[in-house]
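Mind looking over this structure? Questions follow.
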Amino acid sequence: MLSAVLPALMLSLPLLGAALALLMRGEGHRVFSYLCSAASAVSAALWSVLVLLNGTSTFVLDIPSAMGDYAIRLDPLGALVLLITSLTFACVAMYSLFSREGITSRGASLFNLFMLSVLLAMVADHVLLFLVAWEAMSLTSFLGAWGSREDQDTAAGWKYLAITHFGAALIIAALAFLSISSGQVRLSEMHGLSSSLGAASSAAVIVMVFLGFGSKLGLLPFHIWMPDLYSRSPSTVTALLSTAASNVAVLVLVRFVFDMVGVGYQHVLSLAIMGLAAITALWAAWQALVQRDGSRVLAFSSMENMGLILLTLGAAMLFQSYGAAEPAAFAIMAAMFHLINHTVFKALLLMGVGTVRRAAGEWDLEKLGGLARTMPGLSAVFLFGTLSVAALPPFSGFVSEWAMFKSLMHAEPIVDPLVRIALPLAIAVMALCTAIATAAYLRLYGFTFLGRPRSNGACHPRPLERVELFPLVPLAALCLLLGVASFPLLEELTSAVSPLVGAAGVQVIDGLSINFLHQGGLNPLGLSALLAVAILAVFLVLRTLGRRQLVRSDTWDCGTPLDRRTQYTPTGFSQPLLRVFQQVYRPRTEVREELRPSQYIRAVRFEQELPELFVLHIYRPLTSGVIAVAMRVKRMQSGSIQAYLAYLMITLIILLVVLR
Amino acid sequence: MADLLSIDTINFLAAAILLVSLLVMASTRMGQLVRSFAFQSMMLAAISVVLAHYTGSEHIYIVAALTLVVKGVIIPRFLMYSIDRLKVRREIEPLVGIPASLLISGGLVIVAYYVTEPLISSAEAVTRNCLAISLAVVFIGMFMMISRRKAMTQMVGLLMMENGLFLGIISTTYGMPLIVEIGIFFDVFMAVLIMGIFAYRINQTFETLDTTFMRRLRG
Amino acid sequence: MVELLLLVPLVTALLCGLSRSERAIYIFSVAGSLVAALVAFPYCYQAFFEGPVDTGLWYLDPLSGLFMVVIVTITALVSLYSVQYLEHDRKEGEANLKDLRYYHVLLHLFAFSMLMVVVVDSLGLMWIAVEGTTLVSAFLVGFYKKSEAMEASWKYLIICSVGITLALLGIILLYASSVSALGENADTLDWSVLRSVAAQLDPALVKVSFIFILVGLGTKAGLAPMHTWLPDAHSQAPTPISALLSAVLLNCAMYGVLRVHILASEAVPGFSSSLLLFFGLLSLAIATAFILTSRDLKRFLAFSSVEHMGIIALGFGIGGPLAVFGAVFHVLAHSLTKTLMFFGAGNVIQKYRTREMKEIKGLGKTMPATAALLVLGGAAIAGSPPFAIFIGELFVISGALAQGDYLVAGLFIALIVMIFAGMTYRVFGMVSGRPQEGLPDGEIGKLRLLPMLVLATVILLLGLFLPEVMSDALGAVVELFGVSA
Amino acid sequence: MQLIDLLLNLIEVLFILLFSPLLTGVIRKVKAWMQCRQGPSVLQPYRDIWKLLRKSTVASNEASWLFLMIPYVCLGAMVCLAVMVPVFTAGPSGGVGDMVAVIYVLGLFRFMMVLGGLEGGSSFGGMGSSRELMISAIVEPTLLLSIFSVAAISGTTDLSAISDHFAGLGLNGLSPTLFLASAAIFISLMAENSRVPFDNPATHLELTMVHEGMLLEYSGRELAMMELASYVRLTMFMVILCNVFFPWGIALGTGAGEIAIGVGSITLKLLLLSVSVALVESVMAKMRLFRLPNLLTISFTLSLLAVMSYYIL
């Protein structure tokens, strides 16, 4: 009974919310509209808990479509992702309400519709329903992201829409192909189709879905929409785009690749996917380091995290293709765990950046700084998110990244030298990514919250109301909780992903440690406790020396008074790494000295431009090429009626002569 | 014997129709154009009469009469009237020069024969030549519309296409159901009328009937 | 009985022509088109579910039913939309009462001729009706009497007349091809009769005949490269008429092609399909180029029509139950969606007094309701779910994959992705941005939003649900093509 | 985990905390000798820390709440590290002795320290932080890869188990992989702990400094904690180097004799390593900042080779 009411509530409340926001006037109804979405999130969470307790639940909806009746289905893996997604939705809804970001009727209705499409995409068990929900997700997120400011150019949002539609087209083709060749319209009825499809077709399908879903996740070279969209959209939208939408993409991708199609013997394909994912992650880490806008940093961070997740999934495919089901299960588990953690910390960080932007009125890291003193609460929750995304113990990102590292260390049973070279390389890339990305997060936190304010806005930010922080606190708590005590989640995840690869009875929890195949486990709880005890011990021991006397004073200034501009800038901060990786960034730097008549240098101008290489070398030539061809074709419409008649005649004569 | 005579007559007339089409391509005078068209239509009517006699179906007589009246008299008159009012005497500088036009027209005739060759083998005696010729006349009419500038010439080209078409109709099918035939006549007549109205309006707006000036809408 | 249906638009045209006041014209026009719709729907039902209605002169089968639904629905919406569109023109001094009368008489005559196309049995009469549509609508295209309008209607008239002449040649050859099966004096052009002997038609003649009909009627249906008249006529006609041309007239011509396609594919299996497939892809490709580069809003939409006619041709060309279903559904989806887009464009153009898309900015601010509907329509016309066009395209892709035409499917997908990009870039570009100085906010006329709202709702619902009665009806159409859904 | 293990861990922590300043003293002394100076007493670091501990703290006006918390986290992390890493006994770690986790705890230390460098709002802190990150961006993957190679040999990532494995193998355990990896880790040690070719721990000249720049705003007790944490970090690197690659003598059980041998051997090894660090520092010149990546890349390549050599040889 309850298990039927909850999904109904989950899907109908957002519709109600959207309708309320559109039809009614006044602020109160927008409040109700966000409450509707929060309530829907709660019912989604409850439903997923029920599913976790009682097992998969399926509903065939008595709604005729062009392809038979619609159906929805929630399996345990979906339930786990849905659970965390719905919690995020609830937090973001509350955040919208309290911070009044996106509280317009358009914003509220789109929020509800986006939520509906995400939920539907997660639970859809019908080809058409999934495709509709998937594309509706793109459309509603685009509409929510775009045009929030009047002067905005369309290009940023349009890039997103066009690229994501390209991805959708690939998915559509793949799904249509699967549906036709299996004769099924229910996704849950398709299993291991690769055996009937043959190697070439299943490889093609896997490539299509990887690129298709990858376009949403920022897989190279489809990433170019991400930074622009993130920097120009309300944080409530990006927080969901980066988390909820990515969750759908990864969840369905996993179902596609491992369950519906099945990996088969695609060694080379798996390696290629790993390669692409690795380059994506690395590229994103590099780019995150040099961005001036916090949202852009986080956009690239999403891309980096998704790259790592796809890398791990690629490794899982590799294991699976060699018949090593258990390492594959572990790798998928690690990837899904990271996905869940990413949801929490990324939503937190994006809303945090949004709050900073609204409070200080600045987005440029060059103009922020010192906000930890004026907004201590925000800086504290943001620090939780930062530590988590930087994968530092005892926060959630650490545990999942550890698991991803470990999953790459399972090369042992496979003797193919290619694999034995590829996996260590993957580890090297992952490590490099992590290190560089950590630097980027550190830069983001440090230059937003620490040091001296670099502008008036940062100096006197609008004071935050306490309620604005409320929605962020549960997320921050989850960052810590998922890092400290994630055993139940991991066990559920393992039992949910094992059937996908046909590995039965995989155990990842050994006593208090996460431990699997390879010896050497991690006890997150123990490690966190140890860390806490150590810090506490240091504190207590030093307390025995008596209370410290604290004197406040100016920063040491070598005798020259410091002002805003004597600080290190974020740009300067990333210069050393930028110089180390010059070949990657290819910066265009210009240093100009302005001389006085007396030949003393009066001023030095330093200009540096980091070209968007993918736009420059792929997209621009591509679009200009297409447009050039189009312009050539356009000449046929010359305006001359004689020419038009000639086309008619020539077509006719050619057809007659060729086909008579 | 009589049948053979009829077939010969029809073939002769059809060849004449083709010849008129070719001659029209060589002419630049509007009046000549319209008169040629009228002549062509009359020959078409003659073919119809012969055919009606040959097949003995009476409604083809009606068709023949209609052809004579509508295409041989009314439409040419209307066109002459328009030419006088709109003061378009001749086609200056056709887009494709006269010698080239004639060569291409010849080519089109060959194409028409080539295309109809597989059809002719299966068709009846009357049809053989006429189908190819009708196709050739259609092609030449179309080519006239492509190679000439004036709106009036285009109208005449279209009408010649219709003539070719009509030759095809009567030669292959010995006439369609009467209601269809009448409908087609009505349509052709209305089309000419409406085109005439538009030609008049175009002359008013553009102060010329040269269609090559109408190139505002492009891309 | 069918005569009654045809009589309604004629009487409406007559009443409009006799009316002395503006108000009366509007009332007659709207009421007449609604009555036509009411009268037509029972016939459509009959056509879909109770087998073909064959009364000698008239012939109604599911295919006619489908196009009849499209014709009466769109005509009703267009006449409703025309009210405030023309009121605005009157206010601006673009049209006087005489023009108004003239417009409505022609509008209903146009509807009459299009209905005629789909209800007659004889291919010859169908041809007459198709030519009739050209002649009537040429005046509507030239309604504004500006030089561009003149140019457009001249091109429309000439090119379509040439095309239709070729089509008649094709019909004659088809007739000739039946001689061997039906005997010398069968004296019939009736489609139903031809259908019964389709397998015995002379293949060589049928091939040539189909080429002529495809090129001839394809000209009118807007298949590239014969589509050249289409952007001119669509851009110059009054916008409601553009909607009618794009959503209905093209379909009527396509109807003729399909009729012959059904015969030809029985006589010469595969021949007509491959031609349709070729022209479908070519139309898509050429339309893509223009959609990416168009600057004029209405030309842009016109090329989108070329694209969608291409998709319909492609779907029928691919064949197989899925693709044909997709194409049949697409006929419906495209007419509804394109009408919505043209209505939106009409609002915008009258408000901004320009068709240049670069000069149209900030619709979201100036006309929020139109903007919202345009965004929906833009997403829909570009093939995004959850709208109807997506379903059509999905089925066409599925059909191509099911037939093993991977190359066709790949090309199709590549082209529609490009079109999506071009389409959304333009539409969203108009909605966002800052409107020009001194443009007052607000819609022009609330009534014109009503048909748009109806259309938007319908295409959304059609994208999500397919009621059983509809799937049965469409299934009946699909069966005509010798494949069962 | 047995009580005795707990106790041993506690002793290890104390051992490390008390012993690490001495190692720094030894390095300084050896370097002084190499420069023909007498140098400060080896006990000088103890005196420094003791003095600093009793001084009052001066904090910058710009510094936030985080500033004063950072030293606790840093020192705490190092204490934690001392528990995680086997020092003289290779007992069971209870799931906290994972090598990847060790690197991440080191990462936590670095992260906090670098944040501390940004707190004051002066250019020195930023400069130090920025340079530190440049170095660590390459050092971290190097460390992970070296560890991966060792883990691949021993089949585990648990440090105690690795020590156990290599101690059990004795001299048979030596392999090219191990040498390459240890060389990579040695270079990382020098880089991470701001030793000479990378940084000069004895200077406060802004053009060269990395580590000291970040600590510039700290004073009093906080400075003492940061300094102690840095000493511990150096020691822990050495311990890892010793116990992973040359674990001979490490106590495998909890017998008193074994432990005594363990303590003795680790003390000896640490002193030897300190002397060699000092020697390397003395014979090398400080490198230009932007030459550093070359050296770091060499260490990265070494570690990659270490992994490859295991799989390919």
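Assorted remarks:
The first chain written gets the first letter, and so on, giving A, B, C and D; residue counts start at 1 in each chain.
FYI, contacts are C-beta pairs under 8 Å (C-beta built on N, C-alpha and C of every residue); 3 or more make two chains touch, one makes a residue touch a chain.
Small disclaimer: the values here were computed from a predicted structure and weren't measured.
Across the two candidate interfaces, A-D and A-B, the one carrying more C-beta contacts is A-D. The mean-CA centres of chain C and chain D are about 77 angstrom from one another, to the nearest whole unit. Chain centres here are Cα averages; for chain A and chain D they lie 35 Å apart. Computed centre separation for the pair chain A/chain B is 69 angstrom, with centres defined by C-alpha atoms.
Centre to centre, using the average C-alpha position, chain A and chain C are separated by 43 Å.
The set of chain B residues that touch two or more partner chains comprises 115, 118, 142, 145, 154, 211, 214, 216-217, 219.
In chain C, 154-155, 158, 162, 166, 204, 208, 231, 290, 293 are the positions where the chain touches two or more neighbouring chains simultaneously. Residue positions 634, 637, 641, 645, 648, 656, 660 of chain A are each in touch with at least two other chains. Interchain contacts (touch definition given at top) occur between A-B, A-C, A-D, B-C.
Remark: chain B residues 115-116, 118-119, 122-123, 127, 134-135, 138, 142, 145, 151, 154, 158, 161-162, 165, 168-169, 172-174, 176-177, 179-180, 183-184, 186-187, 190-191, 194-195, 198-199, 201-202, 205-206, 211, 214, 216-217, 219 touch chain C in the complex.
Contacts from chain A toward chain C in the complex involve residues 63-66, 128, 131-132, 134-136, 138-139, 143, 146-147, 150-154, 157-158, 161-162, 165-166, 169-170, 172-173, 176-177, 179-180, 626-627, 629-634, 636-637, 641, 643-645, 647-648, 651-652, 655-656, 659-660.
On the side of chain D, the complex with chain A involves touching residues 53-54, 56-62, 64-66, 68, 72-73, 75-77, 79-80, 83-84, 94-96, 98-101, 104-105, 107-108, 111, 114-115, 118-123, 125-127, 129-131, 133-134, 136-141, 144-145, 148-149, 151-152, 155-158, 161, 216-217, 220-221, 225, 289-290, 293, 300, 304, 307-308, 311-312. The residues of chain A lying in touch with chain B in their complex are 634, 637-642, 645-646, 648-649, 653, 656-657, 660.
On the side of chain B, the complex with chain A involves touching residues 95, 111, 114-115, 117-118, 139, 142-143, 145-149, 154, 211-212, 214-219.
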